[in-house]
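What follows is a set of structures to go through.
Both complexes shown next keep chain A, but they swap its partner, so chain B is in the first and chain C is in the second.
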Partner chain A sequence: MAAEGGLQSPGTKTSSSRTTKVVAGFVRNVLPLALAIGTSGIFLLALGKSPAAFYGAVIQFGLLGTGWQRSIIMLAPLLLYGAGLIVAFRGKLWNLGYEGQYLLGGVLVVGLAPALTQSLPLALAFIILMAIGATVGGAWTFLPAVLKAKFGTNEIITTLMLSFVGIGITNMLIRGPFQNPEVTVPQTAVMPLDTMFPKILGSRIHIGIIIALVVVLILHFVLTRTSFGLRLDVYGASPKSALHVGIDVPRMIVIIFLISGALIGLAASVDMLGLWGTMRANWNPSYGAAILPFVFLARLNILASIPFLAFYAVLATGGALASQDVGLDSHFLLVVVALILVFMSIIEYIGMKRDLGQSYIPPGLRKAFASLLSRKNEGDS
Partner chain B sequence: MDLFSVAFISAFVTGFIAASMPLLVASLGETIGEQSGVLNLGIEGVMLFGGYTGFVVTLVTGSFPLGMLAGAGAGIAVSLIFLVLSVLLGLNQIVIGLAMTLLGGGITSVLYFEHYSKSTPRLGKDEPLPIPVLSDIPVVGDSVFSQPTTFWVVLVLAVVVAWFLAKTNFGLQIKAAGQNPNSLDASGGSVVRTRSIAVMLGGFFSGLGGAYLALISTGAFTPFMTQGIGYTAIVVTMLARGRISWVIGTSMVFGLSVAIGTVIQLTDINLPTDVIKMFPFVVVITVLVIFARSAYVPPALGLPYTRGSR
Partner chain C sequence: MVSSPPKSISTPILSIRQVTKKFPGVIANDNISLDLHQGKVHCLLGENGAGKSTLISILAGMQQPDQGWIEAAGQRVNIASPRAAMDLGIGVVYQHSTLISTMTVLENLMLGDTGGVTLDIKGAKARLEELGEMLGASIEGSALASDLALGQQQQVEIAKAMWKGSKVLILDEPTSMLTPQAIAQLEESVARLKAQDLSIVFITHKLREAYSMGDEISVLRHGRLVHHISDAVLKKSSEEEIKESVLDAMFGEDKASVGDKAFAEEISAASEAHHLRSTKSFDSEEPVLRLSGISSPDSPTETPVKGFSVDIRPGEIVGVAGIDGHGQKPLAELVAGQRKLTSGKIFFDGEDISSSGVRKRQSLGIRYVTDDRMHEGIVGDLSVAVNLVLKRIGMAPFWRWGRMNKTAVDQEAQHLVSSFDIRTPNLHTRAGTLSGGNIQKLLLARELTHEPRVVIFNKPTYGLDLKTVGRVRTIVRDFAENGGSVLLISTDLDELVELSDRIVLISGGRLSGEVVNDSAKTAERVGELMLGPN
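On to the complex of A and B.
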């Protein structure tokens, strides 16, 4: 299953032939994307739009010209965001409150940024602001983490509910203390361009991508090469065995949640300080739900998530403009993402059954067929 | 506006019922599913499908009962995807549930954009079915006892579900599938069949809840109009632990918190709309913190059933 993929190392396959591996890798990683794009193309045709025009425009706006720069700018927060989800999901903790964590972290960063960047040296201000974003994002997971650790309260529910509360508080802050007095639309003060993240070598790409890559690579090392990473995986695989090998389970739950939330808050800080520089009321990029399939496709491996998230960044930056181009609601991308999730799960299922040498038809269905047939026979006799 | 005036109280009661009913209906469906061991996180998407289908059907035919039926039918239809993937194939219920939520939100919003974003049509009001004597009660009579037919149908359905879960063999099988699927299997029942029927019943109620929200509570469809009602239904279900009276009670507490927010806007109290929108979720989270120990899910919830596994 997708969420359990994090523990499987790719080398466990018995077939050692190189081509089989390449084919298997292609089927598992690329086929879900292709099938989803194909199926969503049929949906486009049904709406009377040309799939070729839409996906052509996605490539045109997402990759060609300066599109690739836009995609890389978008990739920076996505990498951190994805790492935040991966940490939680590896521990089998469903932190689904990502939207609240992201927005609340982001609004405090962008709200405090004008004052801090004016009064402090820029580099110091950036570090403090990113620390604020990470702290706020992490703090917003604290209540669900404690409830889960102490009472076993289902974290899906608590994180989701707190997410809605976080979104509400974000909007209150924007309309209240952080409201830009110069404009009537509810939004925070706009950061002057020279107080935002510097750009890399004359391009439009800000240094956020470097920060993201560094953080993400360090985290990958921690998760795969340290005892903490191992303990996290043990807890994720089986909380009961974690208890038996002496892992402090409640503490583990809280730590996993805090890291997850902090990374999402950091993603928001990078996005605010690098790209947006202001936040409007009711603004919500909803990255979290959209990148879910990609962190699963990456088998909850941070390194592997980089190309998948880059793919999504191109799809999203290109898709936003492409949907305007062909006169389509931009939420069409949600359909593509949902289809990727579905096809990924099915292909994962088939692959698992194949590896185990089992029938593809689930036992329940086989039984149903069998009972249908036997009933027929009874009727005949 | 004057507090405790007839208009004020009647606005309060109307808002209360409009907010409680869709949640109540959706929670009924989620309760059946959750009792059988299926965690349907896609309820938000199923409600949107139901709401959109119901909206289109009522818009075209002008009939509210037809719209409600179509919404429920659409709920069953999309639940078939969940049924095949999560119950039959045993794929991760959380992943598929999230996919359903995205699919429901994405498809309905794209379709609405295509067909209705320029005209933004609204439906009229469903004919109320006043209860003869009771609706003449002063002050609250008209707002409580003069409701659309669907309202009464939904109340009857809630009673039927309560009876069905508590008193029938099949209700027992559903609970067994969630508590201990192995013993259900051993005693000759079919876990897969029981869960499949539970998922379809869940789809029926979620679709109906979405349709109620669009057709009767709001009178129109807007993209992503559920705004967390589906997730709230999961909370209600967890707190109710399969007891329908609790489902009704908890839904009403939620509806009450929405209604308080709505009527506050009618008074002189100047509260930002963000606070009002947030209020129900604050209530839910407070309830969860206080009753953390009572929020309970069946042991087999979310786990696909494989015979012989432990």
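On to the complex of A and C.
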């Protein structure tokens, strides 16, 4: 193995033909999905369920009939959410406070929506509400951003802690000022259907998907084609280089965080105004953890994230009903998602070793095998 | 150790047998066999990247050979860890300091002691005295490691390597940052150790040291052992003959491409370094850059700059000498604008630029060629072309309306790649895959275009192959000949003497002396400054 990689630099691999590149991309990005689905099937068999019945139901409820419409409705916030994660992760800033940003943005939108949609023209109210959602989501990253920019405080800790604070405040708002007086359960007032996002051409799909697509496509252009995108990538690759080439690093950190939080807040607004129309206490869709593997499978590329997130939307909408159908807990979906992450890591590791021309087996493991073998040989002789 | 006459020894104390070690993209050691004998100094010569360091790390137990083996006194041994190397009596003095600066000398030496529950301070003191006698140096055990001069630090490093009773002592480029005085002392210590029957491996890229100290010389090139001069041959040959045969071996068929012989000798430091520029007087001219008592913020991990002042005039090269880590990096970054000043002022053309940022200073013509080429200078994942315009992101003509103008960028890149002879498969190759020398050329190309006025070079030739070293020095010299001002930070005294008009010494972040480079004795005078007032 070492001999094969002897005089080949990693760079020469990139110049190989287009087809091998496509195949390599397929292996690295799609194979983990296939393996996870296959392994989950084995788990299903072990649980005494039929994998064919389960996956059949996923397709039936997630794709066929009106299933595809439900999947698209779910996709709208996921696209914005995923873009929010991608912006931060491209800058190697680990914004893990997504849940707090999402819920806090969402609760303010859905809490203020009844008053605003009734007193203002609907279109204007939507714009203001979406702006509120984005602002709140962004604002919730501001403290971690400033701490990171000024003192280099680890953003994983600060965003995560503030996320818990955000979730707490969300629940206080639902039980306090936004409590629906007509019911006893802690939840906000339900938006009348005619004050929510209009539907597209008689389908159930609301206009959120259009808003999401427009926003993420613009963002994709900004990240890949503009000087700002290049600066962000330079900062992500090496903060030292960023400082060296004259990028205002503290400002860059704050901007990345604000965009990331704003997109997640916008995702919440679209979800509230388009689908839910109300929020109950302790409700948490936990999109962030579920889509994390997919934004990495998309190599932090927004355009590439669209099919992956669509796949998840089908899996999630179909899977929720499918698991009821075959008598499984709906948390089984998380098993599938976790397996994707596991297989992705393994395939990445193998791919990296292959590029370096090294052995696929970790040195420690190889040594253990070698010593076992030699012992066996000694015994033979 | 019972001493016996060295001549009678026939079995080598340590033998390297057909050792091969590969890394992705390179064969660092290719079928190398060497013998080390008691009471002999074996010099290992070779350029950067010839495989010397890999060979040492195999002997030190840090790496395992892919093929081949090591024999100690005729017995095949497996050096699986640094501890195994120590147990075999192999001590290594590395190129970079391994002393912990906040600890005393004695504490540093006792770091590897694992004997009892309590530290044996008395025993350690006795051992230090014993070693001090062997080395012919008096080492004060209670001194803080950071308070020692570099030569003394090196003696402590040698003592540390021999602490557990070495039979083989490996010195990795021990003279590269020493003053002439300290080199003389080191030579004396090596001679004493040799007389006590130690086997010494002396790694260097300076031919004159190999000739004056070595009993045997081996030359490595591209991972292969290309030349070996035995004890007997070395004794009866003149320095000229040895030089001839070693240069042939080191450069081989490349000699023609390196240029004339004089150049090859100069870069291999076969002769004493001397100032290669005509001495000029700069006193009458107005300084382009004036540093006036500048200081950098305190840091727990490095020495900050404290009240440093220097003027640089047009066409002048000011060298900054000093032991690595004495505030050189903060100094460079203060001037480049990458750090904030805590006090003092920086003037450019008489104007106060203390509060302007990196970008503003770049546009004024202040450029910084960083020593951290791989992680600060370039972004390895981006293409060569983009790296060449990395400091001009968003500026016309390379960017228009926030979008990159690919034709303009490629044109600029093509021009720079050919005029600085950057060897790259194409403009869109990832910059991180280039060799160290080509990355340095890329950085020079980027910094020396678009009207540079003052350029800070931080260790510009560190770790480069000899051909590129020569080319980089020519570029620095040409820039100054054309009226540019240079702040040249280097730990290579020969380089400073060769290029600078003036050499200032930085020590503990402070300016501690200045030598005008106008006579043959510059290196010695800088050396005296380094040793301090006593």
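In this text, the second predicted complex is superposed on the first by the 342 of 381 C-alpha atoms of A that agree within 3 Å, B and C clash if a C-alpha of one lies under 4 Å from a C-alpha of the other, contacts with A are read in each partner's own complex, and residues count from 1 in each chain.
Please note the rule applied: a contact is a pair of C-beta atoms (placed from the backbone, for glycine too) under 8 Å apart; a residue touches a chain by one contact, two chains touch by 3 or more.
For clarity, every value in this text was computed on a predicted model and none was experimentally measured.
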item: Contacts of A:Ile302 with chain B and chain C, given as first, second, both or neither; value: neither
item: In the superposition, chain B vs chain C on chain A residues touched; value: B
item: First, second, both or neither for A:Leu230, with chain B first and chain C second; value: second
item: Touching partner for A:Leu80 - first (chain B), second (chain C), both, neither; value: neither
item: Which of chain B and chain C A:Gly246 touches, first, second, both or neither; value: second
item: First (chain B), second (chain C), both or neither touched by A:Ala262; value: neither
item: Partner chain in contact with A:Ser238 - chain B first, chain C second, else both or neither; value: second
item: Footprint overlap on chain A, where chain B in one structure and chain C in the other make contact; value: 2-3
item: Chain A residues touching chain B - in the complex, by the definition given at the top; value: 1-3, 43, 47, 94, 96, 143, 147, 150-151, 153-154, 156-158, 160-162, 164-165, 167-169, 171-172, 175-176, 289, 292-293, 296, 328-329, 331-335, 337-339, 341-342, 345-346, 348-349, 362-365, 367-368
item: Partner chain A, residues of chain C touching it in the complex; value: 22, 24-27, 66, 336-338, 357-359, 362, 368, 370, 372, 375-382, 386, 390-391, 393-394, 399, 402-404, 425, 429-430, 433
item: Touching residues (chain side chain A, partner chain C) in the complex; value: 2-3, 5-11, 14-15, 225-228, 230-231, 233-234, 237-238, 240-241, 243-248, 356-358
item: In the complex, chain B residues that touch chain A; value: 41, 81, 85, 87-92, 94-96, 98-103, 105-107, 109-110, 112-114, 117, 190-193, 223, 228, 231-232, 234-235, 238, 272, 274-275, 277-278, 281-282, 284-285, 288-289, 292-293, 295, 297, 305-307
